[in-house]
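In the two complexes below, chain A is the common chain; its partner is chain B in one and chain C in the other.
Up next is the complex of A and B:
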């Protein structure tokens, strides 16, 4: 046994004590509260996406002539194909919801403030990547929603001043949807974006480890309450419970509401009603309300503001009397997003 | 929360997750087994139908097999759910301890499908049994058959027939599409029908004397008159006062939506010389596309909405009944809701319908407006919603202009004049009130009932050959070569036999018709027109080589 330990120790020079120290980072006590422990949820779901995505990629064929048929094959014929595809679809939905909820929590608790501005910035990048992955994902099925969603998306990008035509050309691999478009979407969805997300998550977690998690104290906590508790096994158990609940939820959703297929993409037939997936409802309604270049520029401005909010918030707190401006901006922002999403959901056109 | 508690929760959740995977595995295995035909689809036999299924699986395995593949079976709707009857129902009987009836009527289906049954009850389909007093029925029961039983005039070797059923053509022909008046044998040798039973609004007979006359076998089972049953005619007149038969389109016992969506289903009745809608559809681009693209029609979809579930081609159901994305996927069981002309009568009528879904025939515009509950243009707009899934508004409007033009041409050039001449003959006593006993009545019948309908239906569904060669061409030939000469001959004969004034009256009508610009060529010749056409052709295409 000693010989084996020695052999491993020579090649992996980390002692048990060091390993324990590395993994047993003290965790702030407020993480005992469940809703503060949800930051790991998107990561869980991302792992599910990678796992199910690889399985789906075994059968998926990224060409207009074969894409729809290959998804049909996965859904109807491949063993467990329907389940894997359904889990992938539901995990995507939950992941986007989880990222948004995590961001809302960070925003309202001011956890993005100095010195954590960079991590907020990385979080925003992760949000953008997640949304893009969702967009490219539903484009792959090559049903009517996929085709027309991609076409509408590209046309929206086209209205961006100066770089619009370039963006559209990059998205579609040409001036309109063509044979090469789908493989471009697939590479983005299955390689470029996931790798980017992995790297961003790595940096995100590293920064958290370097800076530590923002600590909160709650009024009901007694003076004697310890400031921290052990990551292992206490917090790990919490994360495990959350993970298992997620897996059960995904399993239930996939079996009760399995992923279906809409009509195959038909470039000659424009559907009367084109709606993107729910997470783009807000942007879609915004575009309908304001239209064209203004909508694009205003959305760009809002996203820019979101990225730079830690600095804006800092300036407001330093130079104005609006110390809690972020709360009110957050409330208005969240209500706007919810209202526009619901509006688009209930509107027929 | 202590670590110990967390461990317990993790163990419980882990177990639950594994259980969910086991469930998924079970679903997958069942799916594969079903696909491989190793096991029947999951069905639920309700307890009240268990005995029926067990017994009929032996006695009539086909019935049970059909039901087993149905959505009813999947959702636990069993034999008794549809065949259940009240003791008071005229045709009910005790069968292995449960009260049932053989004939399932729309009233029974309405227990679950009430909206569909309501729509159907108001449709022209439900009134299909009204033919029992029509000209067509006179043909079947008098001209083709006879309204009585008579003795065979000579033996049929090998068979011993005691009587000839004069209604046979009506029973096996007309009524299998239009619907029979379901009758039970009576103890006095007659029959008991809905007319005798006088059912109340719940379908329960109010005339107990009629109920008492129902003949039953030794098990108490009422004897359904074989002239009226089996019958799945769409306008069947049922003993409970309801009209129609849902199985006319939704074949028992699998009630397949897939089948009801296919044109062959409607083709059981909508075909033949007088209303060849099925053949017309097949000739049209719609039918051609359907044959080619049937695999893309998504016929098994639970929700079959044009523009959402499929777009490959339309079937009869698509245009006349099914939902489309333009109308929010709303299905109707009243096919008349989207039909703007009725081409059934000799002269086509605009489909303005009153509150009772009857066609408004009044000619005064003000009265028509008052009576009309659902106008022809509203109906046309509903059809246009269907068309516009695949065609632009301009295209659809132009099509309807072409269709209107054809109907109006037929009405004005042949139907109304023909009717005028036939009425003149009748009014002047130059033909009898009995139909089909004179040659001109057959000519007139062929003109409007067969050829005229073919032309109009052909135009309504874009089948050029039916519009022209099987339609207007034959209408014209019948009009000029038979109807007019026969009417002239009748008038001539009348004049020769001392009925000059009657002959003059009829001739005046014919002269008036033939003097119209559209008919003038017939008596005055059309050499000028022929020459004009020739010159125009030469201008366009040059002088032909001879």
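Up next is the complex of A and C:
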């Protein structure tokens, strides 16, 4: 055994002990509480997405003539294809939900405040990339709903003042949905956005490591509670357990509610009811409520506000008496998002 | 503080150690089972699904092939097949469809009706009417010509061939002329070399081509 480790050590002069010391940062004790480990959840689900996505790409063909058939082949003919596709679909849903929950937790605990404004900004970029990945992935199936979802999405982008037509042309590779559109969505979904997400996650985690995790104390903690615990093995175990639970959950969801196939895209026939994926319900309802350019501009304004919230919050706390403004803004925002989502989910039109 | 003389304390420690080990084992088993299972599923997913990868194509009317006669047929993937009639009962057993590619080095074998055998001109490989090698290098190696399934319906002969997955929807075969030295998979490398060699020899013997090659 010694000879083997010496042989490897000579050729790969990496010390496991030193590596452990380097990466073994103390983790604040509050991370023993499960909901504070939500940041690792989307990261884990993202790995699941990369793995299942690569598997799906072995059979998927990104062209209008073959896309639907290839997804059908994966779902109905390839061994375990239905399972891989269902896991991919459910992991996407859970990933977006986990990103949103993580963001809500960071928001209400004020963990975005100085000096962590940049990491909030990177987190917002990750949220946008995740939503875009969801949108482009939904379009790849080439079902009626995914085709019309993409068409409506492009038409919404078209109403943006000044750059609207440019955005639509860039999105669809032309002025309307054409044979080059799907490959564009595919490259965005399978290459550009995942690589961007990987880079953003790397920066996100590096910044967390550099600044350390925000520490919280809770009133119900006992007097002798230590301030920190070890990353190895304690926090790693926590993440592994979360990984296992997610795996069980994903397998169960994929088996009980497998991904199905809607009717194939028909550019000549608009479906009676067009719905995007659930995470766009809020935006879709907002558009229906306000319509046209105002809806686009107001959404842009809201997203801009979300990006810059740490600075706005800082200004409010310094120059006004609204010290807890963020809580109220958060509550109102969360309630609005939830109610618009539910409204869109239950409404037929 | 643990007391070595306190049996209750040491029992508690034992229990804690046992639980620690048991939970670690459960964790490893869970990880190995869960992710190992997923890896197995992924491998099975990647392995091509075993569908019937054959295509039935019409070849000719049975009445157009006499007993002892052989036709050369090219499938959609380019493979050439000798279809030989050996009886006149009116069913598929009258015919035998054998690959015309010699299993020795890939030359094209020919049906010799007068000798009732398949013959490979490259290295004198000889095959009996059922495709089993009886002479030459393939005979020594115990090889045989690969066989294709046939069926006869209403006097029409059809053959099961591998489809050409790269050709799109247009899947068809063709009957080759008797003197068609075909190209494509299973073409005759030795004969091609021979032809090139012959043509070079002919050119070098031709004084006009010799002049031309000197001037260039």
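Rule of thumb we're sticking to: the second predicted complex is superposed on the first by the 333 of 349 C-alpha atoms of A that agree within 3 Å, B and C clash if a C-alpha of one lies under 4 Å from a C-alpha of the other, contacts with A are read in each partner's own complex, and residues count from 1 in each chain.
Going forward, contacts are C-beta pairs under 8 Å (C-beta built on N, C-alpha and C of every residue); 3 or more make two chains touch, one makes a residue touch a chain.
This is a predicted model, so every value here is computed, not measured.
Trainee: Contacts for A:108 in the overlay, against chain B (first) and chain C (second): which applies, first, second, both or neither?
Mentor: The answer is neither, since A:108 touches no partner chain.
Trainee: Using the touch criterion from the header, give the chain among chain B and chain C with more contacted residues in chain A.
Mentor: Of chain B and chain C, more residues of chain A lie in contact with B.
Trainee: Contacts for A:237 in the overlay, against chain B (first) and chain C (second): which applies, first, second, both or neither?
Mentor: both
Trainee: Return first, second, both or neither, reflecting whether A:247 touches chain B, chain C, both chains, or no partner chain.
Mentor: Both partners.
Trainee: Between chain B (first) and chain C (second), which, if any, makes contact with A:78: first, second, both or neither?
Mentor: second
Trainee: Determine, under the contact definition given at the top, whether A:7 touches first (chain B), second (chain C), both, or neither.
Mentor: It touches nothing on chain B or chain C.
Trainee: What is the contact status of A:55 with respect to chain B (first) and chain C (second): first, second, both, or neither?
Mentor: second
Trainee: Should A:322 be classified as contacting the first partner (chain B), the second (chain C), both, or neither?
Mentor: In the superposition, A:322 contacts neither chain B nor chain C.
Trainee: State which residues of chain A lie in both footprints, the one left by chain B and the one left by chain C.
Mentor: The overlap between the chain B and chain C interfaces on chain A comprises residues 79-80, 83, 237, 240-241, 244, 247-248.
Trainee: Can you tell me which positions in chain A touch chain C when the two form their complex?
Mentor: 51, 55, 58, 77-81, 83-84, 237, 240-241, 244, 247-248
Trainee: Please give the residue numbers of chain A that touch chain B in the complex, ascending.
Mentor: Result: residues 32, 79-80, 83, 233-234, 237-238, 240-241, 244-245, 247-248, 251-252, 254-255, 262-263, 266, 269, 271-273 of chain A touch chain B.
Trainee: Applying the document's contact rule, which stretches of chain B touch chain A when the two form their complex?
Mentor: Answer in residue numbers: 1, 3, 6-7, 9-10, 13-14, 16-17, 20-21, 23-24, 27-28, 32, 298, 307-311, 325-326, 390.
Trainee: What residues on chain C touch chain A, complex-wise?
Mentor: It is residues 27, 30-31, 34-35, 38, 41-42, 44-47, 49, 51 of chain C that touch chain A.
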